[in-house]
Amino acid sequence: MAWQDDWRRVRAIARKDVTTELRAKAGFNSVASLGVTILVLLGLALGPDAEALRNAAVGAVWLATLFSGVLAFNRSFQVELESGALEPLLLYPGPRWTIFAGKLLGNLIFLTLMVAIVVPAGVVLFGVQIPARWPSLLGVLALGVVGLVVLGTFYASMASRSRAREVLLPLLLFPMLVPVLLAATTASKALLGADVMHEAGAWIRLLVAYDLVFLTATFIAFEHVIEA
Amino acid sequence: MAWQDDWRRVRAIARKDVTTELRAKAGFNSVASLGVTILVLLGLALGPDAEALRNAAVGAVWLATLFSGVLAFNRSFQVELESGALEPLLLYPGPRWTIFAGKLLGNLIFLTLMVAIVVPAGVVLFGVQIPARWPSLLGVLALGVVGLVVLGTFYASMASRSRAREVLLPLLLFPMLVPVLLAATTASKALLGADVMHEAGAWIRLLVAYDLVFLTATFIAFEHVIEA
Amino acid sequence: MLNGQPDRAIHLNGLGKRFGIRWVLRGVSLDVRPGEAVGLMGPNGSGKSTVLRVLGTLLNPNAGTGSINGLDIVRDASGVRGQVGYMAHTPGLYDDLTARENLRFAADMLGLQYTMVDSSLERVGLASVADARVRGFSAGMQRRLALARLILRSPRVLLLDEPYSNLDTEGVELMNSVIAGVVESGGAALVALHELAPAKAMLDRTLTLVEGRIAATHQERAGLEHTTPTETR
Amino acid sequence: MLNGQPDRAIHLNGLGKRFGIRWVLRGVSLDVRPGEAVGLMGPNGSGKSTVLRVLGTLLNPNAGTGSINGLDIVRDASGVRGQVGYMAHTPGLYDDLTARENLRFAADMLGLQYTMVDSSLERVGLASVADARVRGFSAGMQRRLALARLILRSPRVLLLDEPYSNLDTEGVELMNSVIAGVVESGGAALVALHELAPAKAMLDRTLTLVEGRIAATHQERAGLEHTTPTETR
Amino acid sequence: MSLKREGKLTSSTDHLRDTQAARPPRTSNWLAFVSFAAVIAAQAYAILTSPADADMGHLQKIMYVHVPAAWMTFLSFFVVLVFSVRYLWRRQENDDLIAASAAEVGATFNGLTLMLGMIWGRPAWGVWWVWDARLTSTLVLFLIFVGYLALRAFTEDAQQKAQWSAAVGAIGALNVPIVYMSVKWWRTLHQPPSSPETLDPAYTLGLRINAIAMLLVLIYFIRRRYEIARLERAVEHMAEAAAMGGG
């Protein structure tokens, strides 16, 4: 029974966040458009050489996801703060990790939708050739997104409650995401290139390990973070 | 006398913004560190090849300035909104353009300080060779920063009052800044390369024209924007 | 009452305001004479705050006209702002500045001497915390500071939205003395409130707003302790 | 009073709380028995909100101990949260959700049936706007919705911070009936307020807080209409 | 190590009983003297005994600061990790203050390593910076702890600050080896790392002596910073005594 109650809480939080985000008209659409805009900017700044662009494609897609994703994470806690709704949230009885899990789930849904727009846009804009083994590419994408969401949600739970949320979140998050960025871009590049599956393999293992380590660590740490 | 009153208002707003920003202790420091962090991310995403990185250097510096600058612009109006201080601000008698001018001045100071950190970091990290004609490079930089601040402040005055400010501002601003980005990067690249002064010259003229046009346009438009 | 002053300090005629398609004010007409303090009562959501925000030039009306001391609230918004002291539900202060810096900023914006800052801090009883940041102020201290900012501009017309909330007894007296000061020098005040008690002694009459219309006028000072229903338009 | 219930619903002993180096509460001791409603008065900045926030487990005390129905507010915070209904200065609602969605969310978090949502919307008089977004609600409507959320959890102990502000007469009665319901079933209430009038009939006694210490106790219901200074600790 | 000397401050609710703890801690001047004397001696020894490097000549002598500084960076952040975890475990204010002091000192050494490395790299490699694994991960490590310090600066409530930075410190330290591995792999896919791995035995003794001297400095700095933090807290506790005690 207890786990059912907990699961109901997790679902309620995720549902509320997604609803709010979709309803705040500009919410999802504009984060996705922003992702595309950043892709264009990267293209222009790195441009005009087509070869150089193709090489930069993977990195650009990940950076665009990262930069626009940060905004989404911050918003998810900001909703709580705007009219002091975090206090009532903290005052519900029941375990606190459900709050983290709910936020995590909401952000995961949100970011998955976003990636579904940014990645095709990147493929088109940067002229990437889609290889036969695109399912593995999707796998890399998913692992990267999980890493991004786990740490993003965790740091947002603090940053968005401090006074400098917009600055603090990327400042904390970006250096921590260096392994994800490297692993995801290098693995994707390997999969896009000839093949070298064994090379991509090592990076994918790194991504899996990273996701597991930080999923565990943040779940443990969240209780300490949210209560203060 | 009237212009003295106006100038006093402009100064008061700029001073208040800078004070707030400095007092929020890490305010400036962390925006500057974020600029450096973004440079590092760009370096990692664009891959280990030194030649590719050198080519990307100018673009990367501008992007890092842009992405961290956006945060600064949003903050400058957010301060007004946090406890409903925008309403009292609007209720002071006297011309509304002073509000815009004050914000503009504050942001210009802030961004100049930031560029003074991000640009040297970019030069070092991306291995840029500083050419003899570096004063013209500084000129391009200044023109670019002005364009960035003018449009950034203007759009922030709208975006930061909407619910989706973090997303809306870059979404409105980035496409508008495409000419600045292109002109500044191309001119800088030309100045960094052999020389081709006449090539850089055309871009610099574009920058000057852009700055003047939008400085005028935003001053006119601001009265309509702020009052709604 | 001063000479050459229009005989209506606050004037609204058939004011209508809608949000989206919902009409929140449906033809509100009222007049406040110089030297008069009028209360605006009514149930939650009846439109009190909206009336004050329109008068304070923060919202544009969708129908009807209004003026403050003869200045039209739409066409001459900037002139109106020079006359009006508006106090909202929220204090609207800069949390990272100190009390004194907040008022100095206001003085800069209004073109006033800094010496007035200290005297108004004194008046609201915040002189001892003048150099503390507003962030740590309690609800009532913030409201006092907002009051200090209000008196800085020596307003001719006060528009106060539930000004007594969060204030202790001493704070209530302070608020009343500010209102009295403005009214006695020929100004006017329109005060939204729910609880009449703290303002009883101050108000000449109260208007009751129900569903965006003036439903009743109540004489306070004249001793006519009964409700006069007025024609709703 | 129920059986097996501790004889003190709310208990504080020597509570101290500081922000930075400034002590805001300097040894507050108080007891509220089951079946009692107690008012907490005092000037602005005296620490009323802080007392309630510490009792509601939103702040950790820096000195002293406290308990709610025998549960320690620090060690057993989670248990305390299950018993307490806390209402802050601000309503704490999600602006982009409707009134009903806000309450359904609360029901999810509390593990309650959705049917209770409709009945509590009914009770606070918001049934007609149940599907409107909270963003457009007036100050008083938001407070009513916060009240609806409060009764959803059937709290045993109420901690209310200036609950009457923004409420019209009908809203005040509603608030009083909620307090009465809790108190009559053996619960307890601690209510911070400035204006005694709306709560007069409800409160058994009031405590006055001055500079972070209890300065006086005042009997309301027992008819002892004078102030008893108590020893400050 | 003297860092671990127990001062008996204080979980947030207990410290009232222990008024002893409010007394300012002793300062440690002797350690300042010893550690700086050791650094001067070690530098003098190393500079005098080491032969000029075949490629770099006397430039090589930067090594005696650069390398120990790098080691001290790692050591400080290890201290941060240990005391952050310990804080989350025991919730003692002391642990937080030690972790914070170590983070500040570590960030300083980290910055020093970067600066000296770059100053060295310019003549040695002809560029200020290369995207080598060790360099890049040192920079990322620096940024991680800049974030940590920014977080501390942006939060006001002491307990919130302690809990948040303990979590961020621990998770940040956890990531350091992963960052190092990933940057290394990223690099090695294309070309071997260009950082100098080979070290002539002629330099090792000088290096070791300098490392020990630098360790003393590190201990001194962390302790000193910690004492200052304790003094700040002591002021608060004295204010408390005044507030709670006086009528």
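First chain written, first letter: the chains are A, B, C, D and E, and each begins at residue 1.
To be clear about the criterion, contacts are C-beta pairs under 8 Å (C-beta built on N, C-alpha and C of every residue); 3 or more make two chains touch, one makes a residue touch a chain.
It should be emphasised that the depicted structure is a prediction, and the values quoted were computed from it without experimental measurement.
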Any chain in contact with chain D as well as chain E: A
Touching chain A and also chain E, the following chains: B, D
Minimal step count in the chain contact network, chain A to chain D: 1
B-C or B-E - the one linked by more C-beta pairs in contact: B-C
Farthest-lying chain, centroid of Cα atoms versus that of chain C: E
Centroid-based (C-alpha) most distant chain relative to chain B: D
Rounded Å distance, chain B centre to chain D centre (Cα mean): 48
Centre-of-Cα separation between chain C and chain B, whole angstrom: 39
Chain C and chain E: spacing of chain centres that average the CA atoms, whole Å: 57
Of all residues in chain A, the ones touching two or more other chains: 24, 163-164, 167-168, 171, 174-175, 178, 182
Where chain C touches two or more other chains at once, by residue number: 96
For chain E, residues contacting two or more additional chains: 140, 143, 146-147, 150, 154, 157, 159, 183, 186, 189
Every chain pair meeting the contact rule: A-B, A-D, A-E, B-C, B-E, C-D, D-E
Residues of chain E that touch chain D when the two form their complex: 12-13, 16, 156-157, 159, 235-236, 239-240, 243-244, 247
Chain E residues touching chain B - in the complex, by the definition given at the top: 118, 127-131, 136, 139-140, 143, 146-147, 149-150, 153-154, 183, 186-187, 189-191
In the complex with chain B, residue positions of chain C that touch it: 56-58, 77-79, 81-82, 84, 86, 88, 90-97, 101, 105-106, 108-111, 149
Residue ranges of chain A in contact with chain B within the complex: 24-27, 30-31, 33-34, 37-38, 40-42, 44-46, 52, 55-56, 58-60, 62-63, 66-68, 71, 74-75, 163-164, 166-168, 170-171, 174-175, 178, 181-182, 185, 189
Chain D-facing residues of chain C, complex: 19, 42-46, 49, 89, 136-141, 143-144, 162, 164-172, 194-195, 197-198
